[in-house]
Each structure stands twice: as C-alpha cells, then as structure tokens.
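Please read the structure below before turning to the comments.
By letter and in written order, the chains are A, B and C; residue numbering begins at 1 in each of them.
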Amino acid sequence: MILEIRDIIKYFDGFCALMNVELEVEENRLHAIIGPNGAGKTTLFNLISGIYDVSEGQIAFRKKPINGLKPHQRAELGISRTFQIVRLFGHMSVLENVMLGSHCKTKTGLLKTLFRVSLRELEEEKTTRENAMRWLEFVGIAHKADQIAVNLPHAEQRLVEIARALNQDPDLLLFDEPAAGMNPKETLDLESLIIKINQMGKTVLLIEHNMDLVMEISHVISVLNFGAKIAEGKPSEIQENPVVIEAYLGRKR
Amino acid sequence: MDYLISVITLAGIHIIMALSFYLPFMTGQISIGQAGFMSIGAYASAVCTAKFGLPYVPAVLIGGMCAAIVGFILGIPALRIKGIYLLLLTLGFGEIVRVVFINIDYIGAAAGFPGIPYQEHTLLYAYGTVLIFIVLFNRLRKSRMGRALQAVGSDEDTAEVIGVNITAVKLIAFSSGAFIAGIGGGIFAHYQEYIEPLMFDVMHSVEFLVFTIFGGIQIFWGPIFGAFVLTLLPEFLRFIQEWRMELYGALLILMMIVRPQGIISLDSVQALEKAVRRLFGKNTAAVLSPDQTEGK
Amino acid sequence: MIFQQIINGLMLGATYSLVAIGYTLIFGVLGILHFAHGEVLMAGAFMGLYIIIWSGLPLYIALPLAMLATGILGVLIDLLAIRPLKKDFHLAPLLSTIGVTIILQNLAVKLFGGFGTRFPDALGTTNYQVGSFFISSVNVLILGISLFLMVGLYFFIAKTKIGKGMRAVSESHMIAGYLGVNVDWIVLITFGIASALAGAAGVMIGLSFHAISPFIGLTFALKGLVVMLLGGLGNVVGAMIGGLILGLAEVFSIVILPTEINLQDIFSFGIMILILIFKPTGLFGTRITQG
C-alpha cells in the first residue's frame, strides 16, 4: 500500500469539502478518482501534495505519516503531480521547466554553484540536462526543448508538465484532469503515455472526467460525491453501480 | 575629467546596489529597503577602518556580512509577506534603520560620520566588484539554484510542490541581496569620506528599483545597464538633474505601459551571445555563457 | 477624559476609514492595492489648503471642491498609469503606482517644501458641551462628514445603477462585461470616488492636526493598508469598522506606550507585521494575494 488516507476531513471556513474519506492506493496500480464537479477530488490531491493541511485524519506514504510535511518534502519522498490548469513556469524554456523537476533530487546549493569547488557541480548539471532531455523524448516533445514554455500549444504544455513530474523520479504520480482541453487524438496519445508510465512501475492516481479514458485504463476507480466516497471498485463494477449513475445523472425519474 | 571619473565610480556603486535589489526580486520579493542595508554596510565598514584601523577590503566585507545578518533576520518575517505589504515592510525597515542611526552618537548621529579613510582606487574596487558579481550571477544563471530562483519568482506555490524549498531559496536570496547592498555601502562610504543617515533614505532605495525595472528584469545584465545609464544620463543632460526623481517615476510608468520586461531582455542577450559566437568562435562565447546547447 | 479620547479615536479612525474605503473600492474592481492612494490623500489635503487660502471660500464649498479636484486626479491616474498597462505582467500595476507615488511626492516636496505647512483654521474653534464633556467643532465636523460620506457611499453602492455595476465588476470583469457593463468606465468612476474620499480625508486631517506635509501620504498609505488587513480586502463595511478600530487603538496606545518618541506610526506598523505573520488572511477577511 503506497498511499493510505484515513478518515480525512477538510473544512474551508465552515464549508466541509471532504468528510471521512478513506482511500488505499496499491503500489503499481492505475487508480482513478472520479465524481461530479465540486466533489472534492482536487482538494484531495491538494491534501496529498501538502498544499493544504487536513482538518482531521491521517495520510501515510509508504506507511510513513506525512501529515505535517511541506510540499517540497513530499516531493523529495517521491510524490509528484500535475495540475488541473497547467502550471509551467511560463517564461522559462521547456527544458528548464523539466530540469526543475530534479531539483529535489539534486544537491548543488548556492555556494557550490558560485565557487565551483570541484567538477562534481558541472557533472551534476550535465546529468540533470540529460535526464530532462530523456523525459522530453519519452513524452515526445524533445524537439521543443529550447522553446519558451508559454508559447507551446496547450496539449504540449501538458506533456512538459508530465515530463517535469517524471523528472522528479517519483513513485507516486498525481494527474489532475490531464486530458482536459485535449482533442481526441491527443487524448489517445495521452492514454498510451499514462499506461507506459504505469508499466514502468510507477503508481498513478488519476482524476479525470473523460469516462472512456478512465474505464479503459484504470485498475481501480474510487468515486467521490459531495466530499464523500460513494463507491469503489473495478471499472466494470463502477459502470453498473446505481449510486454512481445517480450521482452523475441525478435521480432517475 | 576628474568629474567624469567620479560619475563613473558612482555608477559602479549604483550597479552594485541595483544588483542587490535584483537578487531578491528574482524570487518575487520587492524590497525598497536596500538603502537601509547599504547604510549598515557603510557604517559598519567605516567603524572598522576609522575607529579600529582595519584595512579596506576586510572592512568592506565585514560591512557586507553585518548587512547580511540583518537581512537574514528581516528575511524571516518577509517570507510570509508579499506584494505591497512587503514593500511597506522593507520601507519601514529602511526608515527604522535611518532613525536608529540618527540616534547613535558613536557614529555621529544626525551630524554624520566624517573622517572615513579615502580609498583612492575606488573606481577599481567598484568595477572589480561588479566584475566578480557578473561572473557569479552568470554562474547562477544556468544552474540548479538559478532555475530555482526563477521558479520561485514565477510561481512559488508550484515551485514548492515540485520540490523546491521556497523558504530556503527566498531567505538566501533576501540575505544575499542585503550582503551585496552592504558591500555597496562599504565602497560608497570610503569614497565619500563622510556619510550621514539622510544619504540612505527610501528614495534611494526606490532609485535602485527604477534602475532594475528600467534596465531589464529577465537577466542580471538589466540592472547593470539600467544603473549605468540612469546614473550617467542626468550628468550629461543638466536640466534633468533637478527633476530626476519625477522623471524616474514617469519612466517607471512608461516602462510598464510600453516594455514591462525592461530594456535588456533575455532575447537581446541571447541574440548578442549568438553574434559574439559567430564573430569570435566558440571559446569566447563559452566564457560569457556556460550553456552548451544554444545556437539552435 | 476617556470620553474625549474616544471621540479623538473615532475622529482619527473616521479618516482612516475613508482612506481604507478607497483602497477597498479599487481593490474590489481592479484587484490591485493602489500604492499611490496615500499620495492622492496628500494631494487632496494640499489642494484643499490652497483652495481655502486663495479663494477664501467657506469650508462647505471648499471641501467639495477639494474632493472634486482630488477625484479628477484619481481619474487621471487611472487613465495614464493604470488603464494603458499590459495585462500579462502581474507586477505592472504595483510598479506603475510606485512611479505615481514618486512623482507626486517629489513634486509636493518641490512645491510645498519638506516641512509641515500650516493648515488654515477654516472653522474657528467652538466647543460644544455635552454633559460634562467638551466636543470641539472640528470633532463634530469630521465625524459628521465622514459618517455622511460613508452612509452615502453605502447606499450609492447598494441602490444605484453605477453601484451595481461596481459590484458586478468586483465579482468578475468578464461576466460583468457580458452583462453589458462598461468595465473601463466603472473602474474610472471607482477611482474618482475613491480619490475624492481620500481628498476629503486629507482636508479633515489638515483641519484636525492644523498642519500637513508632503510625507503624510506614506503614513496614511500604511494606515489604510493596515485597516484592509483588519477589515478584509474588498469589504467596504469592514473597512469602515476597521478604520474606527485602528483609530481608537492608536489613541489608547498613546496612553499605554511612552510618549517621548512618536510611536503611533510604529504602532500601526507593528500591528501590520503581527497580523501578516500570524494571520496572513487578515482578521476578518479574504486571503491576501499578490500585490
């Protein structure tokens, strides 16, 4: 069990976003989280990333509680993430964005940078660059490495974000609606990319509204509605589940 | 001629001060208190030489260190404070330093601190320091820390999630900026031979901001350019002198309307580097920029 | 004695409220904290001063004139320094308003000198007796005018078409635009109103302190921004109440703190730092974002 979420409650100024949510994510799984808008899915991701603190409850990564840890510490542990709206550093190049992914795994600090004590710093920089290029090739946009990030079309920006997340060398990847804003071809490419990532041994937690995508590639699906988990199981089970259907479509007349 | 040298020397000191503003600015921390750090460096180094007989270079470095320490202390609350409130915090800091120095008799209080040993070769020391900072900033530019600084300035929340320790980065940037300002203050003090608290008021801090914003915010050459040009220009256009501050204000507004990235942009520097590469071959260009994959 | 202090506190607080309302209005429709707003107050104070000196007009004409002049200044600032800005650089408004501040403050020092200027006694000083306490005419005037302006503003925002436009723009520029609201025009009017209120505050400060200087701009900028922290960004009623609280707090701080140094401003500064460190969301209001 790579990620365990127990009894999470999250309040925002009196509004309850998540109520007693439990989640267990098995290692190497492709675990999807679905639910109508406002169900609390992104809030859940923000709690896992460390952007928010839980109001109550425990989150454990590889059996180790991570409740008080800051986001960059969680990144160091091996949790990486993409966002609902792409968050690249717009005025830096594609390559520089991806290179930033390995920040938490490298060590050259300010003094070592300024006063190059040994060749090690240059070596590390070279390795960082090579790793970043490798991931850019993996997602398929190495040819755009030197372009300024904000100039790329939306789907390619998403790929850069994924490459950056991969460069963190994570064990758990959180993808928040990665297919949003993509056309069918781009979505299919994304589908195979996510499967490839999962097959590399990485655990994937996926929020998505694209049901075809979710049903096609997930091992497990958890369904949230109004801040609570209402169903969990294999794609085929979820598709038949009346509670889930009702949540999406409203009460059957 | 002497006059020209003094103006160019002052420009060199201004370059250092603009760089002291630039470093925290890269992480999104806008400070209009750098003159305060400058005064700490100025007074500390002056005390070292005038009262304790220390030589110039160690004194100036001590001035820098004192400023850096205060910068670190101020940098801690500054972590949580952003935008206009950080502006107020740093402005308040600058004023508090000024008031404190006005009330310390040991360093002359409001009457000022005379008798600072004159450094004949200030021009050399000033531009030597600038050169050192150019090398250091350049090394920073294409490095892990450099990218982290830019990321924090661009979007610190995202930077934190992808693994950057934004607290450490911002604090380092802020106290390093203070250090640079302290060095500038030390060099300034031994050039003026006399300093008083009024020389380090908030309008001077604002000047350093204007130098940087005008010169260019995308790369360290911007503040260097801005400080140099805006220090020299009023000397050659006499009528500007009296309205210098008002014109700086207008310049700030104008830049925001017309060219917010400043005069020197990343593109201009990269284009220049390409040209140099073509003219002089790869080796010279490598000195300017350690980046290997450019020129595509 | 306490009663007197309370009156003083409310009077001071009322001017803070007027300033803070200006910040709040502009933040509401534009999402920026207008750094030069304090300088607008300062300009209003000087314009009021010279209107009174040159024209000899009574206060009840001079004050609206000063407010009008300050309002026009605010509109000019919007047209020249805010509206033309490119939208994609998020620091542009802050830096531009710093530019405005530099211009206004340095011009003021050139025109009026760096020391205080005596503000004419446009009122005479009659003292009214209430029970066993004294209230001066200055107190009455300031409290009365401030109250009038605040109540007037409240109803303006709540009931008039422009006021509704202001509320719509505060919610969302985009949606307000779709609904047919001329966003630029609303922003312009907001600047005008906010600046006029600051002008009123400036004149009243001159009346109560009997002197003004080019440097009061920054002081009141600080006070206004602290009130924003107390009352919540974009919250007009919060700004009103917050201003009164700050005024009272400052007046009573003089009682507690030693009086050798003028600690009032440091007091507000200290409050600002404490709030920002321990409760960055402000005491009552929304999360403070960039600038």
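Definition applied: a residue touches a chain if its C-beta (ideal position, glycine included) is under 8 Å from a C-beta of that chain, and two chains touch if they have at least 3 such contacts.
On a predicted model such as this, the values are computed, not experimentally measured, just so you know.
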Chain centroid nearest the full-protein CA centroid: B
Centroid-based (C-alpha) most distant chain relative to chain C: A
Separation of mean Cα positions, chain C and chain B [Å, integer]: 33
Chain centre separation in whole Å, for chain B relative to chain A (CA means): 39
Centroid spacing, where centroids are CA-atom means, of chain A and chain C in whole angstrom: 46
Residue numbers of chain C (touch at least two other chains): none
Touch list for chain A against partner chain B, complex: 49-51, 70-72, 75-76, 80-81, 83, 87, 89-92, 95-96, 99-101, 103-106, 108-110, 113-114, 116, 121, 124-125, 128-129, 145-146, 164-165, 168
Chain A partner contacts - residues on chain B that touch it in the complex: 136, 139-140, 142-148, 150-151, 154-155, 157-166, 172, 176, 218, 266, 293-294, 296
Chain B to chain C touching residues, read off their complex: 30, 32, 77, 80-85, 87-89, 91-92, 203, 206, 209-210, 213, 245-246, 248-253, 255-257, 260-261
Sites on chain C touched by chain B in the complex: 33, 35, 80-81, 84-86, 89, 91-96, 98-103, 106-107, 218, 221-222, 225, 269, 272-273, 276-277, 280, 288-291
